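The same chain A turns up in both complexes below, where it pairs with chain B and then with chain C.
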Partner chain A sequence: MEIFDVAVVGSGPAGMAAATTLARHGAHVVLLDEQPAPGGQIYRGIETLSKRDPALLALLGPDYARGLDLIHDLRASEADYRPGSAVWQVTPEKQVWYSRAGVSQGVAAKIVLLATGALERPVPLSGWTLPGVMTAGALQILLKSAGVKATEPPVLIGAGPLLLLLAKQYIDAGIRPAAVLDTARVSKFSALRHLPRALGATGRKYLAKGLSLMTALRRSGVPIYRGVRDVVIEGEERVEAVRFVSAQGPQRLAARLVALHEGIVPSQQIARSLRCDFIWDKSQHSFRPVVDSWGGSSMPGVLIAGDGARIGGAVAAEHGGRIAAFEALQQLGKIGEGERDEAAFAERRAQQGHLAIRPLLDALYPPPPAILNPHDDVIICRCEEVRAGELRAVIALGCQGPNQAKSFLRCGMGPCQGRLCGPTVTEIFAEAQGRSEDDVGYYRIRPPLKPLTVREFAEIDIDG
Partner chain B sequence: MFERLTAQGKSVSVSFTFEGEAVEAREGDTLAAALLAAGVTSFRETPVSGAARAPYCMMGVCFDCLVEIDGVPNRQACMLLVAEGMAVRIQRGARGLG
Partner chain C sequence: MRRDYDVAVVGAGLVGAAIAYGLAKDGRRVCLLDEGDIALRASRANFALVWVQTKGHGYPPYAILTHRSASLWSSFAQEVEAETGVDLGFQQPGGFTFALSEEELEGRRRILDEVQAQPGVPDLGSRIVLRNELISLIPEAGPEVVGASYCAKDGHCNSPRLLLALHRGFGMRGGDLLTNRTVETITAGRDGFSILGEGEEIQAGKIVLAAGLGNIRLAPMVGLDAPLQPLKGQLIVTEKVRPFLHYPLVNLRQTDEGGVMIGSSMEDMGFDTSSVVPVVANMAKRAIRLFPLLAEANIVRSWAGLRIMTPDGFPLYEQSQEAPGAFLCNCHSGVTLAAAHAGDLAQAIGRGNLDGFGAFSGERLRVQAAQ
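What follows is the complex of A and B.
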């Protein structure tokens, strides 16, 4: 088995910055990533796009173009970058097993650095499984990775910065969204107590960007419905219409394409499978791994950086990746504690600037109650088509928690392995049983973390 | 429902089939993006109710883009790049063993 000092999983901003830093300081590092090209979701497709379509690169904006520098540094480094590598198991002994082009292999590492980022919070609404319903991130990925846009104006439903950004990018690309259904329900006034903290030099840039997005959206004339609730997506074979109640009363809009977004949450799979400790984050309304100020998890030798540790955005993730890399270098004996602390100091200062906006964003865009505790007839587990009411019925029968719900209902046992129902299942248990989310806990995640054929498993060259 | 943003002259074209029909894509497209751009609206039928599904997340999380490629089922269309001559079919129900 190949042996590395550090195995980094995920080549978004945190993973790229970490791998580059590690390699520059002489560590033998492998960077494993599922995607065909570096950048993660935030900088998805940027290398190809910069060569092929400068106009689209300009349209996607300077924050997107920032990814090119990170990728350039990674490519110039000695880090062993392996794209198309889907990690399906990380063992406590720090063997990392992954599938690449239909062949599985393992590497051994002294330290594993998880930089697996975030995913969009599941938005279980009536009709959310219909073809034509996608996440806002999915529409953005189509733009970034293939220069593909909708031919029909999408109805955007939800809240948060990504939804606004997508609206602006679509308007610039010549497709005005049919409508924006704003589900935010917090009085802007109560969120204002977080404003002073956001007013630092970096925070102001985020505020200015947010305001300019909102202004662009208002000026575009796209209808914006506020205080939206009771959303039902209608259709037989695919989306046909969206029904909802807004501040102006009940509405119904014809729609062929719907984009949902209610913020992002840390990806939990690998750290959960390693039995790392997790904690419920009340302000971000999600589980996150327990990490120290260096990204160290509860498992020795397992570091977690970027949005997978706590949602902070792309630039904060980049700094977090470097901070964790300095810790790894110190653990490996490549640098001393003094050098580590000194190197991390500038990264921490910069990271603080980028994190200052978060409390305001978290307060402005909490997930709406309707998606945390969906109506009985709403599908919560997309793979096994389990409805919220079925889960509540087995809870009433005495089902104790998320793991028992798997045996009762097959909930969370389809190909996505609970990625899209896990958060909702925890919420429904917490509400029904009057327990905290920490007390309810989450699915026990087991390898293989990605579907693997028995043949591929059997063909593993153990001695290789 | 979807289309290319620009003509993009520098890209190389790739041909494959979906349910036996020829599809033109661009080198570097994920299979899911290529199928959406070609107007495909159903990628799979669920094992439980047979309902049609299409990509939801485009980033490897939701598994609603599962298709059969060259006879191999359960392939995530959003995670794979198109390749010349691929024969892609809708995945109907659960994959078989084998």
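What follows is the complex of A and C.
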């Protein structure tokens, strides 16, 4: 088995910055990523786009182009970057197993650095499983990856910066969204206490960007509905309409394409499967791994950086990746503690600037109660079509928690490995049993983290 | 002494739930105590077989008990399903153990004969099936399969739903399922037991320890001994595929939901339940030799559980002499024996003596250990 100093998983901003830093300091590093090109979700397809369609790149904005620098540095470094490599198991002994072009192999590492980013919070609403309903992120990926323009003007439902950005990107691309249904319900005043902190130099840039997005959206003439609740997506074979209640009363809009977004949450799968400690983050309303100021998890030799540690955005993730890399270098004996602390100082300072906006965003866009505790008839597990009411029925019977529910209902047993129902299941337990999310816990995550054929498993060269 | 329950059953896995379900039938006040969501749970890692063919090799009482339970399973399933509305997915078409060489097949033949020849063992309906006949029954069997051992009493069910049904049925019969209630101490009093856990105390006339490996800790509190060892079993399951396999194999079966379970590795790994790549890879290799069509099926999950093994591998049912009314129940075949546990064993515990289960007391182990 190949041996590396560090195996970095994920080539988004945190993973790219970490791998580049590690390689520059002489560490033998492998960077494994599922996608065909570096960038992660945030800078997805950016290399191709910069060559093929510079106009679209310009349209996506300067924040997006920032990824090109990271990619350039990574490409120029000695890091062994392996695209198309889907990690499906990390063992406690720090063997990292991955599938590349239908063949699985493992690498051994002294340190594993997880930079697996975030995924969109599941939005279980009545009708969310109908064809024609997708996440805002998926719609944005369509836009980024091939410049494919969705044929229908989408109805955008939810809240948060990504939804605004997507609306703006669609408008700029010449497709006006059919409507924006804003589900944010917080009184803006209660969020204002976080404003002073957000007003640092970097924070102001984020605020200015947010305001300009809102202004652009308002000017575009796209209908915006505020205070939206009781959303029901209707349709037989596919989505046909959206019913909801807004500040103006009950509404119904015809729709052929719906994008949902209620923020993002840390991707938990690998750290969970390693049984790293997690904690419930009240302000971000999600689980996150317990990490120290260097990204060190509860498992020695396992570091976590970027949005996978806590949601902070792409630039904060980049700094977080470098901070974790310095810690790894110190653990490897490549640099001393003094050098580590010094190198990390500037990174921390820059990171703080980018994190300053977070408390305000978290306070402005908490997930709506309807998706945390959906009605009984709403499907919560898409793979196995389990409804919220079925879960509540076994809880009433005495079912202890998510893992027993998984066994009883097959909830979370499908190909998505519980990514899409895990957060909801924990919330429903917490609500029904009057327990904290920490106390309820989460699914045990089992390998393979990505489906793998029996053949591929059988052909693993165990001695190799 | 106040008495909250006639019987308290500790452990709501398949063994405890079946016994509690049986005990609750006759109007007894029964409670079933269980730990939290994360615990060592063999009931979530079993293979869901009702399996007879070579059980009790070397110990006829176990072969007889297994045969009896498998014979009762059909009416047991009907009763549970009628009462709870939960489909147990029970089927008893007979089961196979495939042989991939003449040597393996010869080994199967010998073991079938030896089990059947033991004194008191009823006709198990087992025999060797050669390749030609096997292919007519299971056309997808791989080219290396030379034959199989077969037993007509073998079957399988949906074991997670079995556990759900037992919990539901127990509740419907008036039992109290108390979860997140790890038992800390048990004190034997003059006319019953005081059970303390998570700050709550329960008084019960009798106590049944069905806590799997947890019995190691609990048994001494009532003058019993549970000399158990964990034996790791690795399982893998594929995505749902078209129905192709209508008989269970000892190490591979298609579930009623369509997924294929591959299992039955044996590793002595202490209390580690992690999934080990080389073990899974070897299981995958063998699965393809049994059924080449499985090569292209996706594996969606692998996990491991700990079997509860007594020193000789046979069940342990015993009443405490020091604290009568305390019963120890341990086995590694909670599915196969569920019918006997809910029936004969629950009745025996209700009566207060384990007549008919004498062969399964710890006495045999103490004799073996002394020798």
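The working rule: the second predicted complex is superposed on the first by the 464 of 464 C-alpha atoms of A that agree within 3 Å, B and C clash if a C-alpha of one lies under 4 Å from a C-alpha of the other, contacts with A are read in each partner's own complex, and residues count from 1 in each chain.
Going forward, a contact is a pair of C-beta atoms (placed from the backbone, for glycine too) under 8 Å apart; a residue touches a chain by one contact, two chains touch by 3 or more.
Nothing here was measured: the structure is a model prediction, and the numbers come from that model.
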| item | value |
| --- | --- |
| Touch count on chain A, higher of chain B and chain C | B |
| Contacts of A:91 with chain B and chain C, given as first, second, both or neither | second |
| First, second, both or neither for A:247, with chain B first and chain C second | neither |
| Contacts of A:133 with chain B and chain C, given as first, second, both or neither | first |
| Touched partner set for A:346, first chain B, second chain C, both or neither | neither |
| First, second, both or neither for A:152, with chain B first and chain C second | first |
| Touching partner for A:414 - first (chain B), second (chain C), both, neither | both |
| Chain B versus chain C as contact partner of A:192, first or second or both or neither | neither |
| Touching partner for A:3 - first (chain B), second (chain C), both, neither | neither |
| Partner chain(s) touched by A:403 [first = chain B, second = chain C, both, neither] | second |
| Residues of chain A contacting chain B in one complex and chain C in the other | 414-415, 451 |
| Footprint of chain A on chain C - complex, ascending | 34-38, 44, 160-161, 163-164, 167-168, 171, 177-180, 236, 238-239, 257, 262, 274-278, 280-282, 284-285, 287-288, 294-303 |
| Contacting residues of chain B [partner chain A, same complex] | 1-6, 8, 10-11, 26, 28-30, 33-34, 36-37, 41-43, 46, 48-49, 51-64, 66, 74, 79, 81 |
| Residues of chain A defined as touching chain C within the complex | 89, 91-92, 95, 97, 106, 394, 397-404, 407-408, 410, 413-415, 417, 440-441, 444, 446-448, 451-455, 457-458, 460, 462 |
| Of all residues in chain A, those that touch chain B in their complex | 34-36, 41, 45, 48, 51-53, 55-56, 86, 119-120, 128-129, 131-135, 137-138, 141-143, 145-152, 173, 237-238, 256-257, 382-385, 414-416, 419-420, 451 |
